[in-house]
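What follows is one structure encoded as structure tokens, with my remarks underneath.
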Amino acid sequence: MPDTTLSALAAQLAGKQISSRELAQQYLDRIAALNSSINAFITVDAEKTLAEAAAADALIAAGNAGPLTGVPIAHKDIFCTDGWLTTCGSKMLHNFVAPYDAHVIQRFKAAGMPSLGKTNMDEFAMGSSNETSHFGPVKNPWNPAYVPGGSSGGAAACVAARMAPAATGTDTGGSIRQPAALCGITGLKPTYGLVSRYGMIAFASSLDQAGPMAPSAEDCALLLNVMTGFDPKDSTSLEREKEDYARNLDQPLTGLRVGLPREFFAEGLNNEVAAAVETAVAELKKLGATTVEISLTNSKLAIPVYYVLAPAEASSNLSRFDGVRYGYRAPDYASLDDMYCKTRAQGFGAEVKRRILIGAYVLSHGYYDAYYLQAQKIRRLIADDFNEAFKVCDVILGPTAPGTAFKLGEKSDDPVEMYLNDLYTIPANLAGLPGMSLPCGLDSKGLPIGLQLVGNYFSEAKMLNVAHQYQRATDWHARAPEGLK
Amino acid sequence: MKWETVIGLEVHTQLATKSKIFSGSSTAFGAAPNTQASAVDIALPGVLPVLNKGAVECAIKFGLAIGANLNRINVFDRKNYFYPDLPKGYQISQLAKPIVEGGALKIVVDGAEKTVNLTRAHMEEDAGKSLHEDFHGMTGIDLNRAGTPLLEIVSEPEMRSSAEAVAYARALHTLVTWIGICDGNMQEGSFRVDANVSVRPVGQKEFGTRREIKNLNSFKFLQQAIDYEVRWQIETLEDGGRIEQATVLFDPDTGETRMMRSKEDAHDYRYFPDPDLLPVKLDEPWIEAVRAALPELPAAMQARFQNDYGVSVYDAAVLTGSRALADYFEAAAQACGQGKLAANWVMGELSAALNKAELDIAQSPVSATQLGTLIARIQDGTLSGKLAKQVFEGLWEGAGEVDAIIEARGLKQMSDSGELEKIVDEVLAANPKSVEEFRAGKEKAFNALVGQVMKASRGKANPAQVNELLKSKLQ
Amino acid sequence: MRQALSPDDVKRIARLARIETSDAEAQATQAQLNTIFDLIATMQAVDTRGIAPMAHAQEVYQRLRDDAVTETDRHAAFQAIAPAVENGLYLVPKVIE
């Protein structure tokens, strides 16, 4: 499987050097060869994929192709996909064949991009290592003893292993950026409201946002062009004029002001990660950027705030999984109440149950003000910090995660240790700001290091410009794990 | 000990929108199970709510109609609990910032007016239905009703008797149907009443512990349920017992209330603002447009009827019992120029006939113009009251217009004085005994002679004219 | 200072969330939840007087949908994936009112 960009694949398809069917088949072959060791996909359905590819070929032949028509893509198993098993990584939905398409899926279908399958993920997107999946952990393609990150672990791993040229992910507290960092690919979480959440199984509604995951920033820009857009079925979808996220890719970085939050370079950051990020900053300076130290004082509160708000919303969002209308129902029960309690005890995994309990507790009588309301107030303080920062810089830069990939099982018994992985990614979700991760090095164990950019609202094109210029000057994003057959 | 009853009502009105509050499903009643339950209504994973503008407009209308405060920014919250007819595991409702706060409704009880203040009214979604007939020991769930828009209207605990509670519920029912936000069909559950009832010794300031009677779907049941509940609470207290806060159901068969078994564990609804919905903003041009389109309201119409047509407080309240009735009355009154007479006919002859035939005013076989013409014929002396009733019967049977019926059936009052004089002379000649008695000072004998003349004229003589003629002949 | 969750608290919230939890599970969960609530407790000392709670990322208002029926009957497709249905109804163990 050659390393290739989406624009190169699109050019080959347009030039009839390869058909969409042939291309899809190549990726299906690689999935067939690698998935048993990586476990990146929960569902692969070659017949459906090839049928969609054939339809794309027909579009190309008829001269009705769009920019990415015929390029296949893998979808996180959080997106409802008509006729496809859609599990959200949970036993609760182990048998749920979605009867409708998520808005994001509709957009990729309309763009003529065949689906390669549904990627593995932490159960209901709750996790940072992809170990909470009911369908088993995903292995990091750089070293299968290590986790790929989460929750979009299957998406990141399949792109890193070149089992798919691109993938969709979702990000509630870092679920696109952290696995992108740990797998050495590029991933972007857009401004909240740019991508419709309709059909994306909800974790924390006010934080969830879908985005692209691919080797390069340029790829992500092209995918973002497909994914974004107003959807009347999502009340939080923003009505904005359509923009071309690739339009600024080639602009020079002269005069770019890069904000470096001192809190993101403080205690807890792995030395090798710090060094790689500092090298990247030096690279950007060479490209004409200047740096300014900034402070995001309240960002240290992001984790506690997040672990109140996200579980609160999740506890309510996950109440619909009750064994009545779809999904898992416990086999034996004595009464209606018993059916609810057993279905939910058996259908949900430990981490999901933990978060439901946290959420039910912080919303319960007598605790609401002290937990939920207090967290919402600090959420505003965190967002205000960003507003201040963007008065003196164009983009904020720091590490994506405090370290590189950790070993499978290393943190799975310690929830708090696991939660700290999202220390640098959560603030952008709370503020609703766009954030992205791009590869900026390898550590001494040969594991990828991720660099995070956080931009102001709707500044995706600017961030992609910075990332693309960095990727033109470096080749970290072009590296793929060796030794995968 | 003397006891005082304290009642507050919570009324769930289904809003008369075509589609559901958060989805594009039909709200039509009576469809086959789950055929009007869309992906949003059955809460498939990933679906999201989008608010129906029509539902918000209904709430604005209501707020304006009761003179309430409309919260320019109002917010939807989630009320979390598990129940199989609640597909999401939460109901989308409004807790902290409802769309309507305050306002008042005038009621008339025993001819006296009273004002009942409202606490609030908020938008929310209805639940589905549990069908308890036996499916192998299981319950069947129909989600067609899930997501139907409701306006929950909460009164202050200001009613002091079941009669006041019923008058309030009726006035509210009139208002919501009047302004067209609810079809008012109580059998189909479009207007459901919960009554919070407590008692306290007369003179005590604090409220007693209340019990909530759920889901009363007729005014009769409302009255019966409250009366039973009040008796039960007083007896319990007088026997030295205590009232525990509880939710109860009314059984129309036994006429008693009983505790709901499923509500045994204390609810903790974990309300929080729904993150899938944004704050709702009501802008002034919208509110003003809704205000401009509101019809004249019952209270204003009652005052005007008293003023313009000289009808009593009681009659004005009855005549504005529905918009159709009020419109009928006004059209009839204008057609004859006789407000009081029109009121008597509408509330008397017409209402009796409609009740007997189980017809609604809108289905009346006699039109308002016809009734007005009939009354005009009484006024101009063409018809006596008795003849008028015969003409009314003709109208009811569809025998044609007023004058045609009078003509065809020969119901005209006798206006030819020569003809009448002839009848009077004959009657006087045939009843010498009555004439003698009258001359001897017996007033009763005069009435007997009037009756004889009327009889001989087959009711067509004008009684006033008969009186006059008899008197002159007997002098 | 924060009061630690007891196993009874865990049972109470598990009951609210309709998740069957044995006493042993409640014990284990209690310990884990307490470490998480220790983390959460760090935000409780922050002075937030006068700060408006932030519920949404963007300061926008609810968009309103025109009142029109746009959905069609899809109950056959929806019920094909249901655990138990009969005569178009979803079946659940007997509901007691």
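Lettered A, B and C in written order, each chain numbered from 1.
In this text, contacts are C-beta pairs under 8 Å (C-beta built on N, C-alpha and C of every residue); 3 or more make two chains touch, one makes a residue touch a chain.
It should be emphasised that the depicted structure is a prediction, and the values quoted were computed from it without experimental measurement.
For the pairs B-C and A-B, the larger set of C-beta contacts lies at B-C.
Relative to the centroid of all protein Cα atoms, the closest per-chain Cα centroid is that of C. Per-chain CA centroids place chain A at a distance of 23 Å from chain C.
Taking the mean of the C-alpha atoms as each chain's centre, chain B and chain C sit 41 Å apart. Per-chain CA centroids place chain A at a distance of 58 Å from chain B. Touching two or more other chains at once are residues 96, 99, 206, 232, 235-236, 315, 319, 322, 324-326, 336, 340, 360, 364 of chain A. Annotation for chain B: residues 39, 42, 44, 50-51, 82, 84, 139, 141, 268, 270, 275, 277-278 touch two or more other chains.
Chain contacts: chain C has residues 16, 18, 55-56, 60, 62-63, 65, 74, 78, 84, 90, 92-96 touching two or more partner chains.
Residues 17-19, 23-26, 32-39, 42, 44, 50-56, 73, 82-84, 130-132, 135, 137-143, 249, 260-262, 265, 268, 270, 273, 275, 277-281 of chain B are the ones touching chain C in the complex.
Those residues of chain C lying in contact with chain A across their complex are 5, 9-10, 13-14, 16-21, 29, 32-33, 35-37, 39-44, 46, 48, 51-58, 60, 62-63, 65, 74, 77-78, 80-84, 90, 92-96. Across the interface of their complex, chain B is touched by residues 15-16, 18, 55-56, 60-71, 73-75, 78-79, 84, 86-97 of chain C. The touching residues of chain B, counted against chain A in their complex, run 39, 42-51, 78, 80, 82, 84, 87-90, 139, 141, 268, 270-272, 275-278. Within the complex formed with chain B, the residues of chain A that make contact are 79-80, 86, 88, 93, 96, 98-100, 102, 197-202, 204-206, 232-236, 312-313, 315-316, 318-322, 324-326, 336, 340, 360, 363-365, 368, 372.
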